[in-house]
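Going in written order, the chains are labelled A, B, C and D, and every chain counts its residues from 1.
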Amino acid sequence: MSEAKTVLRLENISLSFGGVKALTNISFDVKEHEIRSIIGPNGAGKSSMLNVINGVYHPQQGTIYFRDKVRQKMDPTQAARQGIARTFQNIALFKGMTVLDNIMTGRNTKMHSNFLMNALWWGPARNEEILNRRKVEEVIDFLEIQHIRKTPVGKLSYGLQKRVELARALAAEPSLLLLDEPMAGMNVEEKQDMCRFILEVNQQYGVTIVLIEHDMGVVMDISDRVVVLDYGKKIGDGLPADLMKNPDVISAYLGTNH
Amino acid sequence: MLFFTEIVISGIFSGLMYALVALGFVLIFKASGVFNFAQGAMIYCAALAVVGLIDIGLPMWLAVIGSFVFMVFIGFGTQRFMLSKLVNQPPITLFMATIGLSFFLDGLGPILFGSDVRPINLGIVDEPIQSIMDNTGIGISKFDLTASGIIILLVIVLTLLFQYTKIGRALRAVADDHQAALSIGIPLKNIWTIVWCIAGFVALIAGLLWGSRNGVQFALSLTALKALPVLILGGFTSVPGAIIGGIIIGVSEKLAEIYIPPVLQDAFGGNFGGIESWFAYVFALVFLLFRPEGLFGEKHIDRV
Amino acid sequence: MLYREAGQYKVSYQSDNQIFPILQDRIGILIILAIAVFAIPMFASEYMLNAILVPFLIFSLATLGLNFLTGYAGQLSLGSAAFMAVGAFAAYNFQLRIEGIPFLISFFLGGVCAAMVGIAFGLPSLRIKGFYLAVATLAAQFFVLWCLTKFSWFSNNSASGVISAQPLFLFGFPINTPTTKYLLVLAIVVFLFWIGKNIVRSSTGRSWMAVRDMDVAAEVIGIPLMKTKLIAFAISSFYCGMAGVLYAFCYLGTVEPDGFSLELSFKILFMVIIGGVGSILGNFLGAAFILLLPIVLDLTLPVISQMLNLPISGSTVSHIQLMVFGALIIFFLIVEPHGLARLWQIGKEKLRLWPFPH
Amino acid sequence: MITDFNTETFPKMLLRHAETIPSRMAYREKYLGIWQEITWAQNLEQVRALSCGLSNLGFNRGMNLAIIGDNRPGLYQAMLAAQCLGGVPVPLYQDSVATEMVHVLNDAAIGFVVVEDQEQVDKLLEIKDQVPTLHTIIYQDPKGLTDYVESFLHSTHQIQTAGEVFNREHTKFFMHEVSKSQPTDLSIILYTSGTTGKPKGVSHSHQNFMRAGKEACIFDNLTYKDNILAYLPMAWVGDHLFSYAQAMAAGFTVNCPESKETVMSDLREIGPTYYFAPPRVFEGLLTQVMIRIEDAGFIKRKLFQAAMNCAKKFGTQILDGQPVNFLNRLVYGFYNLTIYGPLRNVLGISRLRVAYTAGEAIGPDLFRFYRSIGINLKQFYGQTETCAYVCLQPDGHVKYDTVGPPAPGMEIKLADSGEVLVRGISVMQGYYNRPDATAESMDDEGYFHTGDAGIIDHDGHLRIIDRAKDVGKMANGKLFAPKYIENKLKFFPFIKEAVAFGDQRDTVTAFINIDFEAIANWAERRNISFAGYIDLASQADVYVMIGQCIDQVNEDLSVDDMLSHAQIDRFLILNKELDPDDDELTRTRKVRRGFIAEKYGVLIDALYAGKDEQFIEIKVKFEDGRDGQISGNIKIKNAKIVRGSPR
């Protein structure tokens, strides 16, 4: 890990909504190819953290270095174009569309033909469509969801929807992947699959992953390093094994129902 | 200068009229989150009901009561047959439903009470008040003054109602958070029905005033749309906002009507009257670009 | 039951992406087109062509325009008629002021002008949503009409802005009979629907739907909201504009700004709702429904009133129309928010799975 | 015609197709959402590259090549490649667990293995040290394998690219190797799951399968225009005959589904013209149809029933070209338009010209159903040792209770014990490395002893009643054919498996396995509530209903003079599904009677001791491989014995 170079560095980030503090100067870094987990009780500011990273929220204080460049105020779209993809805590699929179309939207950053070409289904536009369809099909094959390809996402089970959301994120071929509780509300089998996929994404495609997850077992198994948040403050950071010993962490998190 | 003041004053008066309409929107939106496009149609219906009942020989006061009853019916009907079937639909759907409702009412009113244009006589003459005229030289119509008086009175009554009665508290609770309201056992449906009735009452007042000003006609239904820009300024949820927004719109509109056409005339020649038809909307539109949340509304962050 | 899909396998993404992937559908559409192109001109009466088919096609086009914006991109607009007006007047002026310009070009330019006005009024959509936006579009509705009425330049100084469309010649061949006009409209509408379908099945269309279904998520996966919405407004207004052009040149011949009233905008909105938001086919169904309903009422109401022997005046009939429209909208929003198109779709699914129910 | 096949081998067949029908499709595989096609010409190139690559790695004449995975063109090509080099492909069941593979791999002295994907690779790595000969693993799908470091792992892609280079350097090599192949060479070793003991390798020569394939194609005049869906285990003789031998013989297209979940929809997309499925598949399909129709509206249901009645009356006659009066033909035509046609279409079998079923006996009602809605469903008889090619039902002469007359090039006779003996083109060379076993099953006249007991009826059709060794004698010395009874039971949609006992006893008893799906549905419609399989299996109502089925069977038996004495006296319903993972069934779902008799001894004793309840504890293996236990009381009920008058 140590010699791997840093992809993302956050320095004393503070974020508040109309006076309510969500995050108080939090600093940590994410290294190339690692699985970096963020844990903490509900309302610890985990999701806000992700929202800061991909520019949905703009912290009042602190600086974000992405690939060694200080990141100015940016919106999610730019983040996406820089190779940051994510999934959401409560599924954010496009309910009105099929699985295939949902995943296709993930390719959007890769598609450049303008609407005029699209309108005439012109050579370049059509070829682009086909090219990206193929890419998407590879993702579908990778996540083993061929059988629901043309199903409207609304009709799918919760577990499958989560998987489709991951597919949509992967379709963008991200270099940094933010996963917000990808296994929440899944049964054992689904969790096993999801773990397998996350690990493969990380190992096969060398995607750096920032993971929020409640299932401590999973976190300890698959993550390289873990950040622990509590009430918007960082109370621990390090290797999973070490954190198990950290008293603050135990009291704040492991001690509680999890 | 004098001329200017007069315009401003008349602007304020007409603004208050808009505000009155806007009030109806606000009430319903606050309580049920429904953007009631049909408010204008309700005004039209209310006014029609009054004149219609007078036509069949009822005295004014009875006609008004009758009209109110009619509005209550509409309120119940809307709740029973429309809104209760559209719970948990996206607001835009409800909005479109109310457009449907406005068409329905625009049709229903005339069928029941006749469609030909008729005046309402409130017994207040529309002439300047001499005393003021003499002292300041500014003409202020008795009618306008009384009308505004009524409006302000209405606002005060409503405010008190909201503040100090059980229903009022319930209403505010609902406005803040539906789920919470439900959980503490406030029967949403009834609340909403009540609100619709109150809105109906406001519409009735508006109908009377507008009607006696320019006679009861379909145009009412459209003129009422002016309340929309007012709402955008004042925000959908604030009663004072409605008043102030109304006044702003009213005044600016009048001023525009007076001062812009000549300019255009010099530029292009021809007649450029009738600016009121759009000024309010464009004004609101431009305003939106700078303050989407309105004068008093607060910014909200959508969580992900 | 009519569908026989076994053995229709796809060996390429093209064939999987085509507009009508099912053979039987392709056949069906060809038959319909054949009827529209050959049978109708031969057998349809002048009234049929002038008063029903032409407006039907034109309104389908306008409805598609609004559907892009409301059904696909999720932005409600109450100003469709204004954009139609822009198209009509623009085309009129191009014909008027540019010597010997082919009318197809001025038609197209008319649409483009509408698109530009659309973009202008679409700008607020970047900051506001839902009925705020709806109100904003009212501004377009009123402002545009006012301009067209008051700036007499637009109507070539005619009283109250009335314009009468110039005669059309295609390669010197006059387009003045109902049949030729119908065929012209048909050609343009079919072409534009083909284009429209391509747009909604391409990345553009997917971005629209993404923004409609969940704009935050859309942004996060890299869909630029501003660009997407503005394109939606542009294309939507272009289609309304084109509809306006045809409305003026191939349907009424003489139009005035007030002809494109708020009423008309609502009519189109109703066509979208009843036809089916977010559907291509729905635009035809909606247009047909809203156009035929008044005719049906006009025919039936007097008969009914006779039977119940209570006399009803013409005005009452029109008022009853209003009520029926209103009631229908509410009915559809409650019972089938996706309109006639969804009903058709369900029926089709049943046919494909026959004899199984699902 | 037939004679010139003698010179044929599969590699030569490949060359011929690549030459005569180069642009026809050899394979079609649904991958990445569309059907990727491989023409015969391409097929030749790819196979050539593969075999060159293989020989590069040192695979050559006389070696065996193990093949493990779902039906994929690549794996079929691997078979061909091996044969082109004079090697012998050995397909294994892809769903068997690693330990089950050890024996086969060692028995066939496997050095090279071609597998589909990571799943199979992992299995092999797990057992590699138990298989000393194994030194090279070649995988098709690199997914998930990129960070595997083992030096003996190669991807098909690497091999083929290497092969192309090799081929460019040694242009003659491939053709030379192919020309060496002789019809008498071994072409394949198929391991029989075997109801008892370890699997035996059945080795066939090129001409065995080649001729069987050719004859079968001629028999149903199949041409290169036909299509088949390959979805059954490649290690199973049926698939090897249909999807390999026949496909090679006629040159028709083999279509490979996208994944296990999509087989049904892929079937529908392709709409094959030639189809094989074991009875249980047809059964499952029918059950589905009935369940789905249940949910249909009243009118549609009535229409459907009417259509089914009409089909029952005339469908089969019309199919067999027997005279049916015009009016009835008209009615049938109408239903064909409104019900049968759409139904066939929705099931994806509308383009079928011929469909076959075999393996275990198929229920007459089931069989009739498909034939009556216009599907030319037929039965054949055969086993691994005979390339699954012994008897075929000819068009127009289909009897429900027989498997038809001997197929072209085959002859059968019955031993005194009633065992069926087979001789002809498809009989195997012998069991691999097992001269003893071979000697046991082949006599010096060249007859293969099938181990099935059968009867040949007056127009020469063979009727199988049971496994010969299972045909026992009851205490009174009369014939006892358990399988025959079991099948009669299994013909009821509610009964999934059945095991009958009675050998050396004076009465017949039976274990019943309910069909959960069907009975659950039946229960719901009578709103009988139940907690799960075990609960449902013990429900009184279920017992009553199963009881009626059994009485029905006794009814049938009573009229059969050979078997009327062997009616079911008592029965019980097992509280657990018989399962291959618990060795109660073979991988092809044949009942392992002996094993079961042992495992459930207490129950059998209880049956004969006349108890009406018995407690039992059973070990089970759960899907995730863990062991567990099921225990509970099992009710025992009596059935009606019919003293019918034997005709």
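Quick note on the criterion: a residue touches a chain if its C-beta (ideal position, glycine included) is under 8 Å from a C-beta of that chain, and two chains touch if they have at least 3 such contacts.
Fair warning: this is a prediction, and the values are worked out from it, not measured in the lab.
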Reference chain B; chain at largest CA-centroid distance: D
Chain-chain pair with the highest tally of contacting C-beta pairs: B-C
Whole-Å gap separating chain C and chain D, where each centre is the average of the chain's CA atoms: 58
Separation of mean Cα positions, chain C and chain B [Å, integer]: 32
Whole-Å separation of chain centres (CA-atom averages), chain A against chain D: 46
Gap in Å, rounded to a whole number, between the CA centres of chain C and chain A: 41
Numbers and ranges of chain B residues touching at least 2 other chains: 304
Numbers and ranges of chain A residues touching at least 2 other chains: 56, 88, 92, 133-134
Set of chain D residues in contact with two or more other chains: 33
Parts of chain C lying in touch with chain B, wherever the complex brings them together: 74, 76, 121, 123-124, 127-128, 130-132, 134-136, 138-139, 141-143, 145-146, 149-153, 216-217, 220, 262, 266, 269, 273, 315-316, 319-330, 333-334, 337
Chain B to chain C touching residues, read off their complex: 35, 81-82, 85-86, 89, 91-93, 95-97, 99-108, 110-111, 115, 222, 225, 228-229, 231-232, 264, 268, 270-275, 277-278, 281-282, 284-285, 288-289, 292, 302, 304
Chain A - residues contacting chain D, complex: 133-134, 137-138, 140-142, 144, 146-147, 149, 200, 203-204
Residue numbers on chain C that touch chain D, as the complex places them: 1, 3-13, 16, 353-358
List of chain D residues in touch with chain C within their complex: 28, 33-37, 268-271, 289, 292-293, 295-297, 300, 303-304, 338-339, 341-346, 348-351
